[in-house]
Structure formats: structure tokens, C-alpha cells
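The structure appears right after this line, and notes come after that.
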């Protein structure tokens, strides 16, 4: 695929936004190969994502930024422009369950997922051999009930060192402290093993079995300080039957968890997700 | 289709249940054309449903009941045997929205749904003409906020007269009083316009839009005294996007509501649903 | 909803299309409330759909057309602009099965589907009473095997009289003659009861049962002279099991047929479908 | 989970089969924990699968076989009884694409899939390092166009040595010779990257893109001598859009391929699949 830039814009809705932005791009020879727009009729807010052929533009990203700033300023835009060829630094955080980590590492290793995996942090040793096979650093930081604060300070230090732009909680079964949630706001992606807002918190498959639902699901969402309440990026479900035990739900759920996480993460990495309050716009 | 009997059994699990029941049936020449079984490993309870070719048995249903009683007694069974050719008396309760009523009446009228529709009760007049076209009685009983008790007494009288075995709340937007819930326990089927247990209560599409979920759903369940908490029979979902307004959710949801209701009701009518505590076994 | 205009454009891809079109609209005060674009990288063809708030524009549709023509001409556009408030004249063609006709008429009657239904043409009498209840003309034109040509001449006369912009084959089980296919090209929508290209032609559920597939489906597509090979608008499937008989497949299939037809037709009516060769772009 | 035996029976349908089999089991103290039955009304053939608690039976499998033989003989049964705790020997055959192999090996390694993987045969070297990490033998046997016969003789020798009961074609892109199809009849499972019978043969995603379908799928089926025409075990689909390129279809398809393959293989390993002509009964 040819190198592209991605321009992401959100601003109060008004007449002429598309004309201003597309006019700017056309004036500099830019070839838009993908365009997505959304105007929220309730909040009167406008969102757009352009993917522009890099070589069609007559200048580089810095010049783009400099020249675009006046337009953005005039229209009160929140905006960013990114080079799609750059691999974003990413850190995985995991517990004992391998399926999400294995899935993401396979997607990365086989070239499907365009990321720079800087390491895996886990409070258990279980996945170290597997991660090691991929040549990645493994940070084993136990989180004992009586000294979680110290554990999370250690985790913060590792994060400080690895400088991730994206943190993925790949079935990391601990609640992050406020400090991490705030420092990496809009950058931490979790996979919750239920169709939120059903079954918030611990042991959602047990809750699902208890309630007798006929579908189970998974939810990929941004992490905020409120447990399992962050903006939802992606969800999916699968059908279960009365003869599925909790163990069956757990097993079946793994497939939907890893698929939903991979899909949600991909949207995030491709700058397809715009957070708007506690909801998301996803230009899939 | 050839006439069949349906035998529904539940009892504490033990060795020999299937042998006893199938032996009884075989001894009297019974040809089992469909068999479903489930043993719940947690509660140690056993469930079965047999569909038997009526003409293969050497006796009628009353004799079946008389002869089967000792086996059932010995194994502490809750059981029933039913003639599948009999149309069950059914009453629809509706509000102003036509889609579920129209769907069920069409299925009935076109011969797909094997029921004896005795009438439609509604607290609004909106659907009377439509129901009238099918030649069905329409009971318009308003439920004013300041005199619901009287309204529900009137509804109870109508039910008393129509003698339904099944009551379907086809988007009837009122909470039934305890007396009706108890008298028609396990016989009232509701369609709730969300994927329960998410978005209990009023305006679930507004709640779904507010939370930013990526799938909306519908739930067909038995009505109990606790709002939207009865045993779930069937559920389904469909995908929505950030650009779907609440009006879109309502419109899209209608399709999944009527499909889920029709499917759940069909399971109930074909004796495929066994209630076990606050969950269901569905031999679909 | 506020009145809108819909502008549909397709043309060879190049730099500046969006800028030209959105600039034109902005110059005349136009507020774009929905925008969809697609650039096909293989054929190098560009497609767009704008939904513009009617009252925001400083002129009416005729002036719009006059003023936009030079831009369209310069960029070799195929284009149209339509008033979304206008109900399109539509004719249903049906056979003996009621489910698709009943579904569409219910959607129309309940206000969900914005159309001007001019009548139902059928080669059977079965649906006349039902259609009559809606106060619509019913044209019963039998299509005997030995004189189909005459029947279709009669059908063409009815169409000539009713002047539909959209013709829906709602399980009309006859092959249309070339003359009708050509005269109403891109305006005839069929629902085929299989997941095309599987099971082209007659009795697709029998074919599906014979092959032992685990999912059955339905396909909404434009009618062309080649049987079941026209551009696909929408498809969906549902799961079936080994114990589903052909009768079960037919019954289950009805739900997916009518849902897929309604969805596909809606896309067409809202100008969301652009035909490109024998494929479609669907801005859903 | 407690050890179980699985009894699989098929025979001409008649009165008394269930009674005979369940009576035999009950007479020897057998506790049936899962039971599935199906009677095909067209072919008048009967199918059943029992899962029996091993410790509940008063004898071992050999005695079971000896004592059950007369019943089976009387009713013309094809039958087998298997110890569910035994891991079946399995060989994977792969090409260059890693996703299905990686997925199955992960499921096996994490304990989800109960198999004895004896090795991976591939006509390419690409997956050798990955397979080696799991400590499994890798047989690299190129299949040059001008000498496939020799290659397949070498493959047959490897199979002869490894003695698999199940062979999985995990995106092995070669057509097996008749000799292998026959020798391992009903034991070779393939994943085809389309929703069969659509898009038989090579490059199904190209075919799907060409036809403009709105869903793509995958099919897990038994391999027979006729290409892509063997009995279907499992299928699934996912939605695609007009802006998905062939590369997108390939990428999206990988997820449904590996899920469908894992599900179909699991059914096979758990003796849930009974082949009946060119169709399957799947007791899922």
C-alpha cells in the first residue's frame, strides 16, 4: 500500500467545514483516498477522517501542520495529522490467560498488525516463555493484595521506560490506579468479557450463566477511572445454549474476546476512533 | 405433518430415567420422532422432551396419562403430555405500536403459527382497525395513571372471559399487577426492547444510545413480578453505528423485536421451553 | 426530520472532486448533514453521496441543477440530486406467498417506508383481499405456461399506466422478459431466497437442504437479463441445523427474506446504492 | 471433567431403538450425561450420541463392546464407542499461511483442544520455526508442479509413519490425490475460504470480490475426491463492504476461517459429527 497521511478533525458543526478542509488539501495537490464524516445532530459537533496519499501532497507533515493551523484555529478544531507508516509503540498488559496475548502477538508477527510491541507486563509468570519466543521483554510484576500500590508504581516505571502510545489490557485482571488512567487517558484499551453494560466487574461469565442469557459477548473499550464504563469501541456476541456450562462459556468467549479486541485495537491504530464524551465515533 | 404427542419431563437426575421413559413408550409401540434431553450438572436435575407419533401409540392421551403416572411418581417427575394438534388459546396485549401485533397476526393468519387467537387487549385505540380486519375482538381498556387498578381489574375480567393459556405482551408498555403475574405464571411472554440484563425498564433505546453500545437487541422472556427479570427464552442483537439516531435504533430494533418474539413464542407453543428456577432450557 | 436534498455523484477519480463539490455547496450556504465517499482503487472511479439540509441552500433544486452542471461537466460526472421528501412511485409484483408483500405494506402503512405504492401485480389471486384492506389496486394477471408473452404484455401495460420508479419483485416467481428488464433497468429489485451466488434458480431451499449447508440466506439484488446475476444490494443468513426439514428452511427463510428485502429497498429509496458495473456501492 | 465414554449409533429408524440402547446402559448402571438423537424423516435413518459417565458403568470398554454387539446386530447398527479421555493422533497439513496452524497449535498448547499432534506437513518452509517452537516435527515436502506424484508419495509415507486418525488441511493449498482421500476417508478435514457452494476452487476471495457479495465466509468440510464437495461440518460468514479490497477480504477472512475450522474440528474430535450420504448430522 502506498504511504498515506491521516487527518482527524472534530469541531463544532457549521457550514463550510468540508469545503475548507478539502479545499486546503486540493490546493496542495492532495489525493483523498478515504473520507469519513459524521455530524452529531444532538451535540452539533462535526467529525471527519481523511486518508491522503502522502506522495500527492507537495509538502511534508510539518509543513502540513503549519499551513493547516490557521484553518483549524478559525473553526475551533481539535485535530491531528499522522503518518500511517509509523508503527506506534505499544505495551501489552496481561494476567495468566494467554489467548488475547497470543492472538495479538501472532497478528503482529505475521505482519497483519502494524505496531511496535515494546514489551509485555504481567502479574504472573505464565506467559513469559511464549512472549520470550517472540524476542520481546517480559516484565513480571506480581500484584499482591496487600501491596498493590508498590506493584503499580513498578508498572508505572516500566511504562515510563517503554513510552507506549497505546496500552492494551489483554485480560489483565487488575483495576488500574487513577494515576495510570489519567496519564494514559484515551490510550488504554481493555477487553471486557461481557456485552457491556451487562455484567460489569468480576466473573462476567458466571453472571451470564446465572442470569440465563442466550448470547454472551465481549466489549473493547477505553479505560477510564470508572470500572468498565469507558467509551465502547467494539462489541460482538455469540449464541450459547442451556447446556453450555460456565467452562463452555469461558472457552467460547475466548474467541469473541480476541476477535473483538483485535478489531477494536485495529480501529484505534488506524485512527478510526474519535472519542466524543463517553461515546465513540468509529469510522470502520 | 402427522399428529404427534409431546411428552415433557423434568425430575432429579439418576440412572435409568431415559430407559424407563423410552421403555414405556416402546412397550406401547410409540415411535419417537424427536428427542431432546438435558442434565444440569449443577442442580442435578434432568429434563426431556419427546415428540411421539400419535398413531403409533396403542392408546389415547388419557390412557397415556393413567399408565405413565406410576413411572412419573417413582421418579418424582414434573411432567405433562400434550396433543400437538390442539391450538392453544392466546391473548395479545398491546400498546400503540403495531409491529409485533401485526407480525404475530400475520404469522397466525398465514398458517405459520398454530394458535387460537381470542382477542387483543390494548390501552390505546390505534390498532383496532388492523385487528378488526382479521375479525378478532379488540378490547380497548385505557390505563390512566390515576386509575390503573380499575383498568387492570377490567383486563382481568377480559382474560377471565377469554381463558387464554398464553398471554403475549406485544409491546404492551404497562407493568402488570402482581395478581395477573401470579395467576398466569409461566404463561405470560413479553418482548423487551433491549438485550437484557442491559437497559431494564423504560426507554431502553435511549439508554443504549446514551451508553454508546455497538449492538442493540431484544429479549423474549416470561413475565414475573420483578420487572424485566423473568426467565429468558430468546435473545438476539443487531449492529448499530455511531450515526444511528435514537429514531434509527427504534426503527432497526422493531425488526429484531418481532423476530425474537416470534421465535420465543414458537418455542413456548411447541413445548420446547422448560423453566428451571429463573433460567430456561430451550430445546430448539 | 428536516427536509433534505440528496446529491449523488460518480466520476473518474482525481484530485479536487470533494473540494469542488463541497466548495460549491458551501458557497451557497449548504449544510451537509451526511456525507459518504468511496474511491475504487481498481477502476479509479469515485463515488459520493451528500445529504444537504434543504432550507440551508439559497436556491431550489432546479437552480441547484443549473448551477452544478458546469462542475459536473468538467469532471465527467454522472450525477443526480433528489428531494428526499418526495415519495417515489412503487409497484409490487408478487406470487402466492404473502410474507414479503405483507411486510412491505406494513412498513409503508405504519409510516416506516417512505413510498407511494401504486398497486400490486400478481399472477395469483391469493393476496387480493389483503392488499385490498390497504385500499390498493390489485392487478391479477395469470401467467399460464403456454401464454406468458401475452401475460407480460398485460403487465407492461399496467406498469405503463402506474409509472413506477421502483418495481419490487416480492417473491414474484416468474422470470421477467428482456423488454421489462431493459425498460426499468436499475429500478427492479428482487429478493432471491438464497445466499447468491449459491443456489441460483428454482427451489433454492431444496438445493440448500440437498447440499447440507449450515446457513441459509437471502439476497436482495437488481434484476438484469441474466437470472439471479444482477448487482447485489444486501444479503444476510441464518443458522440451520441437520434437523431442519425443507419446510423448516422455507419457514425460517421467510424472516431473512423479508428483512433483507426491506433493508435493500430502503437503501435504494434513500439513494444509498450506486451501481458500478455488476457490483454496488452501498452507503449504509 | 469426569471421564466419559461416547456411544455413537446410526441405523434404520424403527420403534424401540432408544429403549433398547438406554435400557442396556441403565441395566449396567450407566449414567447418561449427554444425549442427542435425530431421526431423518426422508431417509428413515436414526442417529444417536450418548455420553456416559465411565465410572458409572460396571465394566470396561471391551466388555461394553462385547455385550452391546448383539443389540447392534439386531438393529443393523453402525456404531462405535470411544473413550473421551484418549487424545486422537492428528497431523496438520499446511501451506505458507500461518493463521490456521498457529490457531490450532495455540488451542492445543493451551489445553483447549484435546489432541495428540504428531507433526506438521507442509510444501513450504515458512512455518517451520513456529512449529519448531512447539517441539513438533515439521515435514517439508515441496510439491513442484512437474512432480506432484512423487511429493504425494512422500507425504503418504509420512502419514504412514505418523498414523493419524485425523488429518487437518489448515490452508494446505494442494488437491490431495485419490489414494489419500480414500485411505483416510471421513478423517480429513479441510477449511475452505468461502461459504460453499459459492466460490469452489481457487482464489475464492477474488471470486467473492468480483461478484460483489455482502458477506464472505468459510466452510469446514470432510475431504472427498470431488473438490470442495465433501460433507459440510460447519460454516460461518462475516459482513464486508464495498470499500473492502481483496486484501481486506483475505485479512478479515482469516478470522472466520480459523474459527470455523476450530469449531468444526472440535465437533469431529468430540464425536459430534455423523456423516450421512454427503451431508452431516452435527450434535453441537
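Each chain carries a letter (A, B, C and D) given by its place in the written order, and its residues are counted from 1.
Note that contacts are C-beta pairs under 8 Å (C-beta built on N, C-alpha and C of every residue); 3 or more make two chains touch, one makes a residue touch a chain.
Note that the structure is predicted; figures quoted are calculated from it, not measured.
The chains that touch both subunit B and subunit C are A, D. Work out the mean CA point of subunit A and of subunit C, and you get 37 Å between them. Centre-to-centre spacing of subunit A and subunit B amounts to 41 Å, using the average Cα coordinate of each chain. Those residues of subunit B in touch with two or more other chains are numbered 34, 41, 243.
Because contacts link each chain to all the remaining chains, their graph is best described as complete.
Interface residues of subunit C facing subunit D in the complex, by the touch rule stated above, are 38, 41, 195-199, 211-215, 217, 231-237, 241-243, 245, 278-282, 284.
By the touch criterion given at the top, residues 34, 98-99, 102, 106, 110, 112, 133, 243, 251, 254-255, 259, 262 of subunit C touch subunit B in their complex.
Against subunit A, in their complex, subunit C makes its touches with residues 15-16, 18-20, 22-23, 25-27, 29-37, 39, 41, 56, 239.
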